[in-house]
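The data blocks that follow each hold one structure.
Below, chain A partners chain B and then partners chain C, in two separate complexes.
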Partner chain A sequence: MTTTELSASAIEMAPQSSSKSGGAYLLIGPAVVWMTLFLVVPMAMIVYVSFWTQTTFKIESTLTLASWRTFFASDTYLSSLWTTIRIWLTVLAATFFVGYPTALFVGLFVKNKTLQTALLVLCVIPFWTSFLIRVVAWRPMLGKEGAINILLMKAGIIHQPIEALLFTELSVVIGMTQIYVVFMVGPIAFMLGRIDPNILEAARDLGAGFWRVLRKIIFPLSLPGVVVGAIFVTVMVLGEFATSAALSGRKVNLLGNIIVTQVGSLKWALASVVGVILTTIMAIVIAGLLLVVDLKKEL
Partner chain B sequence: MESRLLKPMLAIYVGLFLLFLYGPFIVLGILSFQKGPEGGPQFPIEEWSLFWYRHILGLAPPSRVSPLPIGISLVRSLTLAFMTMVASTVLGVMAAQAFRRNFRGRSLVFYLIVLGMIVPGVLVGLGSALVATTTGIERHWYTTAFATHVVYTLPFCFLVMLAIFNRFDGSVEEAAWSLGVSPATTFRKITFPLIFPGVLSAMLFAFTLSYDEFSRTLFSSGREQTLPLAIYSTFAVEIHPNVFAFGVLTTLFSFALLAVYAILMSLSVRRARRMAIQEAV
Partner chain C sequence: MAEVPVLRLEGLTKLFGERAALDNVSFSVNSGEYVSLLGPSGSGKTVLLRAIAGFETLQSGRVLLKGKDVTSRPPYLRDIGFVFQNFALFPHLSVFDNVAFGPRNGAQPTPEHEARARTLEMLELVGLKGFEDRAVHQISGGQKQRVALARTLVIRPELVLLDEPLGALDANLRLRMRGELRRIREQLGIPFLHVTGSETEALAMGDRLIVLDSGKMSQFGRPSDIYDRPANPNVARFLNCYNVFDGSIEGESFRTAYGSFPLGQRVASAQPAYAVRYDRLKPDGGEAGLPAAYVASEYLGSSIVHFFETPDGKVIELEHHLSNGPPDSYSPGQTYRLAWNADDGIAFG
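What follows is the complex of A and B.
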């Protein structure tokens, strides 16, 4: 670069450095516009359309509470609301109890960093398979002639195949637990890995048994991880419809399944009502979980 | 003490846990070699064969099992994933670059972007379908579905780049600026090569998330199906081992993608190291 070029570009630079935050708005602008147009506006639209008037073939922007009344007057919709809440709580508990010991081992007992990473990678690898394939993979496992029944019969534990394994609420819970448990393991293992070993040693030196250390020290310190994991699982399970459709033989209808059927028959207003209800539940749960732990302070 | 027994017990538990995670795949993998076309999607294996793999590739003789509608939907999914990858990586790098400075509304913008990965796909899909129908915009995988895919992948790219910029040493850029190099050239010659590993990770995230995305696409893609939609439509009827063979093939494809990523990553790391050595000399 010659001297004249240098000084020329130096002059070019001068005004830019004085309007630094102006540059930031230019950089952030496209992302903000994109998220507003394609996320905020659609979400607002769901709320708005839930008050529209639905006729058999058309939807009009005359405001009414009719679709809301339809939802709360119908046994089918209300029971799907309870099914959703029941399955969400069951899966939440299952992912916690199945995942916590694994997180405990990976985060606290494995001292070797390489082994720790390797175990976490092993947990993540299944995510490289298509989500739908992971769901459908449970069918040959749980079916009447499925792998589990065959193994149990060969082992002589049962003599009749267990039919309740597939196309029931249980199969939906099993499938969802397997798919989402890793989102519980990851954050908990992360928090456990940060515990100072000296604290645990001190507790042990003072004569505390393992269960006491677990209850009084380890669990409270891992709570932020549990909350983050619970938020992940909650959001994903409440938005589910594919697992329940594929593993329950359409017997378990979650709110997500109601949305899909309503959209399929062009009942936009009712689908929107269900959407608003789902969003509300999710917001309440997340707000409640964030009250338990102040994440900004902990992470 | 208890903990001496505890560790091996936990190790056994983790083994069982991994079996729980992988069991279905193992079974699925085995059953994909079921005899065709009469063999069903369950044990026992009547005869080991590659029939269902040939069936997917369209090489098997016609039978009562109709072939999976892969071909064109695969092309659509790959194109959509590529478009999503480019758009969300560019937007994500720009946004993260902006976050290196302070500006008004910073935390609000942060939550706005992160919201994209939190809101469930079925709601985003429903919302964009509502906007499209009420404004009379036709839904296609390359328009409405593309927009909702980027809403989902942009937060991942943004967070990856934010983490990269967090560890970024700004003094090299300042050195370039003080030498009179224009910001654009500085970004191209100095910043971008340094953040390239992060950009690669962001691209990988965006591509794979979009390629596999299902719930967002369901309402927003219109009549032409992407690959996950085509697969989902076969679930409604009886499933055959061809779905299992397809599962094995897509998993292998994902691993190939991961391998490409690993190779590019190690190349860029090696190049960075070589440049550092040159500078030192």
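What follows is the complex of A and C.
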């Protein structure tokens, strides 16, 4: 009796629920159309174009591996690939080591929610100026006669200006770290703010000192924030070209700079090759980071 | 020579701005004792517990553990266990790793094999053998409570503080955990200080009972003494088993808005009031009494509570234990004289 009733109601329910989810699918329709037209199709095009035949003045849709061979046979391109990876890892580490303590302070030690928000807004203030101004502003800071050298010399710490500060890999790393550190601080501070203070008190009550609590409780619980922050920084640094152009005096060539140069000289096929390589690296890194933490659990 | 109490509090005072959350609180807990700390919400009972554990800084007063002053020690060097109301389990660790956290990360390092052995032993004691690998979000509320308890007990603290440990459990489980708590404590012999807002829980659990009111200690004694002879009208109100009347002592009687009652027992108190237990009221006889209209009854299983109302709206409760015979029947709206023996009344003042 009960079973029949149940199955009867299940049959009644079924079409209703399927029509409901059909309506729900309509909701993401515009987004799907938009993303297909302006993301999926262009990306497929880039992969396709990377196999086209490039001559000095024109490009033909005859398929060839020539551009791929050019990339992997050239020391310039390969060294730019390694430079990109090196700078990305350095900036990732720098944003983490600068960002984590900041996030720890804002997310955990500032108890007042208003002050917490105010401090996070403070981190975003540099974004009120344009990206290029933020980058170029580093020149008078880092230059041979820049603010840092003047201060250090006035203080008597150095006698010769440090020339390595500007137009080197170091200046690119400094610039990028400053620009992107906030994308590390935000997600970490958010995760830290969600930790129940009682949990930290419980750990201390069980005999754990500050470093133990940080290592065994706070860090593991903030890991999803670190992963999200790392994804943000990775995506932005791997695609960078402006900071390296402005702060390295064109000495540091990232894959992004290569794309800009190639597109500038209408070498679409080679630019596409670099684009595909860059996108692949990003995809691998993001997939790897997502393996570290089960983000589904946090949402 | 008297033994040194495990915990001794001397004049604990904690101010939040102008308001005193703790006002000169002093008492001691002896080894093997189960002390209940009862107070309404906002009475400062949680602050007191947190101050003992070291989570709150005090304006004045000393906390002594086994005779040693630990007032300025941080929580992780105090050897005091704390069981949080919301359990505060580490969400990223398994049941086993939660319990093993103390031995593994404590102030004195424990070898891993010993940490494991102690953890297993403790999980068995609280009845969680076989749950070692579960994540803490995969177990029930009662099991979480046991994990929290095991996690605290495994570090072998001198004293365990429990902050409303049963508050997050449903009524059925609460009764079972009461028995469990007692059994575990007796097995280990560690003194427990149990904070609760429930008078039945406090009376049932404690060898001794402390009543806290607005940051001050109102009474400290055996549960039966406190139940039979509350120290002041607030304690009587909070025990939830007394009808309390305002008024004043005039000669040999206590004068209230409902008439004058013979003094009965006298308890010195700054606040004058007259109290008589629900279960000492009866519908006739007695040397003292007042008229009130019957409203409704509540059946509690072993007893029945009848609610009456005085003309000015004060609710009077009469509890009838069913072992004393079937309950009387009353008609709603009709006025009865509720009476009691003079000896059963308590006159504060």
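As a convention for this text, the second predicted complex is superposed on the first by the 268 of 299 C-alpha atoms of A that agree within 3 Å, B and C clash if a C-alpha of one lies under 4 Å from a C-alpha of the other, contacts with A are read in each partner's own complex, and residues count from 1 in each chain.
Throughout what follows, a residue touches a chain if its C-beta (ideal position, glycine included) is under 8 Å from a C-beta of that chain, and two chains touch if they have at least 3 such contacts.
Everything numeric here is computed off the predicted structure, so don't read it as measured data.
Looking at the shared chain after the overlay, A:209 reaches both chain B and chain C. One of chain B and chain C touches more residues of chain A, and that partner is B. When the two structures are aligned on the shared chain, A:138 is found in touch with chain B, with no touch to chain C. When the two complexes are overlaid on their common chain A, residue A:196 makes contact with chain C while staying clear of chain B. In the superposition on chain A, A:34 makes contact with chain B only, not with chain C. Shared-chain residue A:221: touches chain C; no touch with chain B.
Across the two superposed structures, the residue set of chain A contacted by chain B and also by chain C is 209.
Every residue of chain A that touches chain B in the complex is listed here, in rising order: 1, 6-7, 9-10, 12-13, 16-17, 20-21, 23-25, 27-28, 30-32, 34-43, 45-46, 49, 98, 101-102, 104-106, 109, 119, 122-123, 126, 128-134, 136-141, 143, 145-147, 150, 178, 181-182, 209-211, 235-236, 238-239, 241-242, 245-246, 256, 259-260, 263, 268, 271-272, 275, 278-279, 282. Contact residues of chain B toward chain A in the complex are 1-3, 6-7, 10-11, 13-14, 17-18, 20-25, 27-28, 31, 41-43, 91-92, 94-95, 97-99, 101-104, 109, 112-113, 115-116, 118-124, 126-131, 133-134, 147-148, 150-151, 154, 158, 177, 179-183, 208, 212, 214-215, 218-219, 228, 231-232, 235, 239, 243-244, 246-247, 250-251, 254-255, 258. By the touch criterion given at the top, residues 196, 198-199, 201-209, 212, 216-217, 220-221 of chain A touch chain C in their complex. Those residues of chain C that touch chain A in the shared complex are 53-55, 74-78, 80-82, 84, 86, 88-92, 101-102, 105-108, 151-152, 155.
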